[in-house]
Amino acid sequence: MTLSDENLNIAVIGYGYWGPNLVRNFAELDGARMHSVADLDETALEKVSRRYPTVQTTTDALALIHHPDIHAVAIATPVSTHFDLAMAALKAGKHVWLEKPMAETAEQARALVAEADARGLILHVDHTFLYTGPVQKMRELVQTSALGDPLYYDSTRVNLGLFQRDVNVISDLAVHDFSILDYVFDMQPTAVSASGINHYPGTPENLAFITLFYETGFIAHVNVSWLAPVKVRKILIGGTEKMITFDELEPSEKLKIYDKGVSFTDDPEQIHEMRVGYRVGDMWAPKVANIEALRNGTEHFRDCILTGKKSISDGRFGLRMVEAIEAATHSMQSRGATVQLPSYEDA
Amino acid sequence: MTLSDENLNIAVIGYGYWGPNLVRNFAELDGARMHSVADLDETALEKVSRRYPTVQTTTDALALIHHPDIHAVAIATPVSTHFDLAMAALKAGKHVWLEKPMAETAEQARALVAEADARGLILHVDHTFLYTGPVQKMRELVQTSALGDPLYYDSTRVNLGLFQRDVNVISDLAVHDFSILDYVFDMQPTAVSASGINHYPGTPENLAFITLFYETGFIAHVNVSWLAPVKVRKILIGGTEKMITFDELEPSEKLKIYDKGVSFTDDPEQIHEMRVGYRVGDMWAPKVANIEALRNGTEHFRDCILTGKKSISDGRFGLRMVEAIEAATHSMQSRGATVQLPSYEDA
Amino acid sequence: MTLSDENLNIAVIGYGYWGPNLVRNFAELDGARMHSVADLDETALEKVSRRYPTVQTTTDALALIHHPDIHAVAIATPVSTHFDLAMAALKAGKHVWLEKPMAETAEQARALVAEADARGLILHVDHTFLYTGPVQKMRELVQTSALGDPLYYDSTRVNLGLFQRDVNVISDLAVHDFSILDYVFDMQPTAVSASGINHYPGTPENLAFITLFYETGFIAHVNVSWLAPVKVRKILIGGTEKMITFDELEPSEKLKIYDKGVSFTDDPEQIHEMRVGYRVGDMWAPKVANIEALRNGTEHFRDCILTGKKSISDGRFGLRMVEAIEAATHSMQSRGATVQLPSYEDA
Amino acid sequence: MTLSDENLNIAVIGYGYWGPNLVRNFAELDGARMHSVADLDETALEKVSRRYPTVQTTTDALALIHHPDIHAVAIATPVSTHFDLAMAALKAGKHVWLEKPMAETAEQARALVAEADARGLILHVDHTFLYTGPVQKMRELVQTSALGDPLYYDSTRVNLGLFQRDVNVISDLAVHDFSILDYVFDMQPTAVSASGINHYPGTPENLAFITLFYETGFIAHVNVSWLAPVKVRKILIGGTEKMITFDELEPSEKLKIYDKGVSFTDDPEQIHEMRVGYRVGDMWAPKVANIEALRNGTEHFRDCILTGKKSISDGRFGLRMVEAIEAATHSMQSRGATVQLPSYEDA
């Protein structure tokens, strides 16, 4: 199977909530061909056929995984099935696109990373926020030191949301912040303390408050809930030079950069008095690219396959996310007890 | 010293940031007389004389505490001086109004409570929020069960604020939420987990995230910071029947009550599927009394002295606040480790 | 042609900006069948065929108008073609759905009304806002006298919008307010004063300010623009008992009802001093039905055809809108000079 | 009377709503001395004495006007008394500060201007907005051509406001916009069309909509009301290069500058199609000076007296405002009929 002159043939497994977005984007992707869709639900497959008459459909995901014409498989099924399907696809020599979180456990995630490495296949995890204009702008502001030294990240991500059956609110919502933090700051947390609760016995935790600690003194906090009367999607970032607010729900200026900060007198004679100076300057809302994240993501996935370069949100990235979810959940279940996170030499 | 026919004579110690508000309110309080003000700063005292020619001034707080005409002493000095001044005033037989937090340590607070009890004196701690219209309305909604079973309290209280020298951001800002929680819900937290940081070595912690755990499954979270680019003062409260938002900075409708919630099917056959129903109804913003909190507070203090009834924010209330600050600070300094709170039989 | 047992066959002429919404809604409408679509653009017709394989397509609108199986024709073409197409359809005995404004001139509109009347056909003009939850709620508040006596209506409807080639901003945007006013208050303005400008020579007016006068002393004002840096869609309504704000862009509470007002002392002795009392009470945001307006509208059109009842936005309603546009445009072109509006006995 | 070495002695007539602000600012003004206050109400004068023991008080305004030690008189009385008091002060050789509007009629205003000119005295009208940071920033953006060619000004200034007895809402609120327009754009309107109403017979008009026309094609619109359920203070300004929003009630970023606009193809072949291009770029909220307008204004008044330079809001400026109020009121009373404004050669 070579990809020289022909199109990249893509199969999508799972046509529930997110699958249709994948199919639409892969169908519109230059240099790729939406080849087939698998789902256990015949009604879902009928929808596919009606909308995309040339796309093949099947209820047998494995048949599709082993189909010789297919080069890449995108998996948008419940988390509990991610490992088996992704492992089968990798073993069948397919590049894999996996919805987040990539697996139920870090152990599973590590096995997938190893398998993809061994076979030289692309393993891409769909941490969508990395492919949005505002997050890329934030990364630019941090990486060019415009922000100064990073001081804190503080996110509120709450609404009256669909309670999940198989994953808690950390895995559903806080993972977005974990991915933004990793990508924007290029730093790994060393420890986590989380608290949260499931208000309805037998269901996963529906609200959680997570603090991530970093070696530099940078600190991150994430507040997530499925039980808020209003929808909030707000991030505050503080640096020594600038501060940022990102409000996803703001119709026009989502990203605002404040020339505000605090400066301390180092004068030892004044140390007793702790003189603090405030700096208040202009605010600036840059125009930010407004392309659909999934379009950027699918193009990136295609480019990685064609050129062999590593995906920004590759298996290792996805693994770090699963480890953060695991650690935060563990801390939450012991009422905030500090849980250490693994260190990464190559992060 | 009797208070039958004459006015209640009030002395204020400390004419810095908050003292002028106390003097103004006591000066306007029916049935009371602003008798004298003490401050170490002569310039401050000159301001008093110019504005209130009949009020006596002195740099000697103790002289004032022992003045035979004075019935009550209000203390608005730095926290580190609260204990000595308040204890001296109680021992001199004066009723005491203390700014928050009432003392540096729970031990000190307990000693003040004991002294006031032994002498039958009013010890009132100025937890101002209890005396505002919106907080009283919230208490009413909770105590009349309009809210249903309380599920959570989630507060964000951040801004680019004055860094304090002697107290951390928990003692400065989170204490407001501790007091609102105690008053509105009439429940005591059993444990606390907090995280936070001082970004500038040698200064107190300037941001903190605190979770309070309660026996009933109710959970409270408080996010406080002196280092945010924008000012936020928002509280979300969730109950099984209603949800509330309180935005202190909203010009008109600060308090909103949502007829929103979640209902679960108890049908055992559906337990596997976890069917959740959402209820979305009207929103209602009640007209809320807009009297200055300090006016309500000083009237309450006067009435307690005249009738002997307990202050809503009496020494015991203030003690619980100090204990919460201590426990939260302790947890914060061990990165979120759960700290148990004392239990109160008579709370 | 009877409609007893069979489906109502609908044809849509024009598949540009709005046509696809009509086709989608008629396709989903119970008791109706999307029969055929006409457009001059073959590419547009191909889109129809791909999405609705059973719908017939043609570039010949007249052939479709005369097709014996078709009962009703919906016209979504440029305004300049409305009259000819609608007149042909009525003469062919078809019920007609016309996009707004129904015609270029009041004369044309009157001729269409007469033709529909003479033939007993339904002539429905798509003034969409009448079929939205918030506007229906406003009508209810006015018609049940909850608002008290209506005092004023004040609307701002501006954005950086697509400049139209064939119609000015009054015809494009202010017409929405004219229709809401007519429907909600059931009153006809007696005169209009408007001002506005075309900033780019040779183009229609791109901003306009229109005042409508009513016999009762009620007054309405509409501010429309295609040249504003931010999008605004806000209506204020004042009554003697209540006041209303409607903000279409607000994510959750679009409609707010204020228990606010002004009361005057009638005491003749005080007439010199003009004592005004303010009433400030609760605010209330009712839950409002969130069904797509076009769904409500197409159901209403079907019901009118089947039962013979008059459409809420029938030809006479559409005629009044065209007359208001004409009068406002006329006043605008003479810098605000008052223009009288025709009176309606049966309005 | 010379002002060489001594202080400028100021008298204030009228200690009602605005007078206390004048007295406070003149009392704090370097190089000036708050000399005396006149008011008919003895209680008001007692307040003055208590707060400013060195300031003389009197119920006799004329005695004060003729007092030989007084160099300048500030008049903050009802509009109906402005002319007599100001004329008397000028005739007594005093510099005059007049609250807005400077007189009831343009004729009176012209007489005051002539008198001040003849005597070489400063006649300053308190159009406060000219002395605020945001308005000065707007002027800078317009005068440096950063805005490009000015296209429109659109202001909404409404609230549930105190009904005035002696002046209508144009004189009370729209005059602020007239003054901002004059100062920021340095252009005079040539005509005005206004509409409005008094909802309560026997009272002045309580809402009004005013359009000002300019020779260049620039157009201005002002919407003012004392009868709105919410307070709004918003100005939109459009230019060919930039657009501006000014929201006085926004807590932090009041002034926002948008790099947004419209560009037309001039290609004659495309004139039929009217191709419009939209430009959407960054938004920028400059830090704006936050000094009290009255402080700036009183300093400017003092400097004008000491140096002989013309006040920015001198008698001629104030006269133009009165003429605009007169013309707008006249148009309003004939339901929008265009009223021409006088032309100014030296404007």
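Every chain is named by a letter (A, B, C and D) in the order it is written, and numbering of its residues begins at 1.
Just so it is clear, contacts are C-beta pairs under 8 Å (C-beta built on N, C-alpha and C of every residue); 3 or more make two chains touch, one makes a residue touch a chain.
Just so it is clear, the structure is predicted and the values come from calculations on it, not from any experiment.
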Chains contacting each of chain B and chain D, listed by label: A, C
Reference chain C; chain at largest CA-centroid distance: B
Chain centre separation in whole Å, for chain C relative to chain B (CA means): 54
Computed distance of Cα centres, chain C from chain A, in Å: 44
Cα-centroid distance, chain A relative to chain B, in whole angstrom: 40
Sequence positions of chain A contacting 2 or more other chains: 230, 252, 280
Chain C residues within the chain D interface of the complex: 151-152, 154, 156, 158, 160, 162-163, 165, 191, 193-197, 199-200, 202-203, 207, 209, 211, 213, 217, 219, 221, 223, 225, 227-230, 236, 238, 243-245, 256, 258, 260, 262, 264, 271, 273-274, 276, 278, 280, 331, 334-338
Sites on chain A touched by chain D in the complex: 252-253, 259, 280-287
Contact set on chain C toward chain A in their complex: 230-231, 249, 251-252
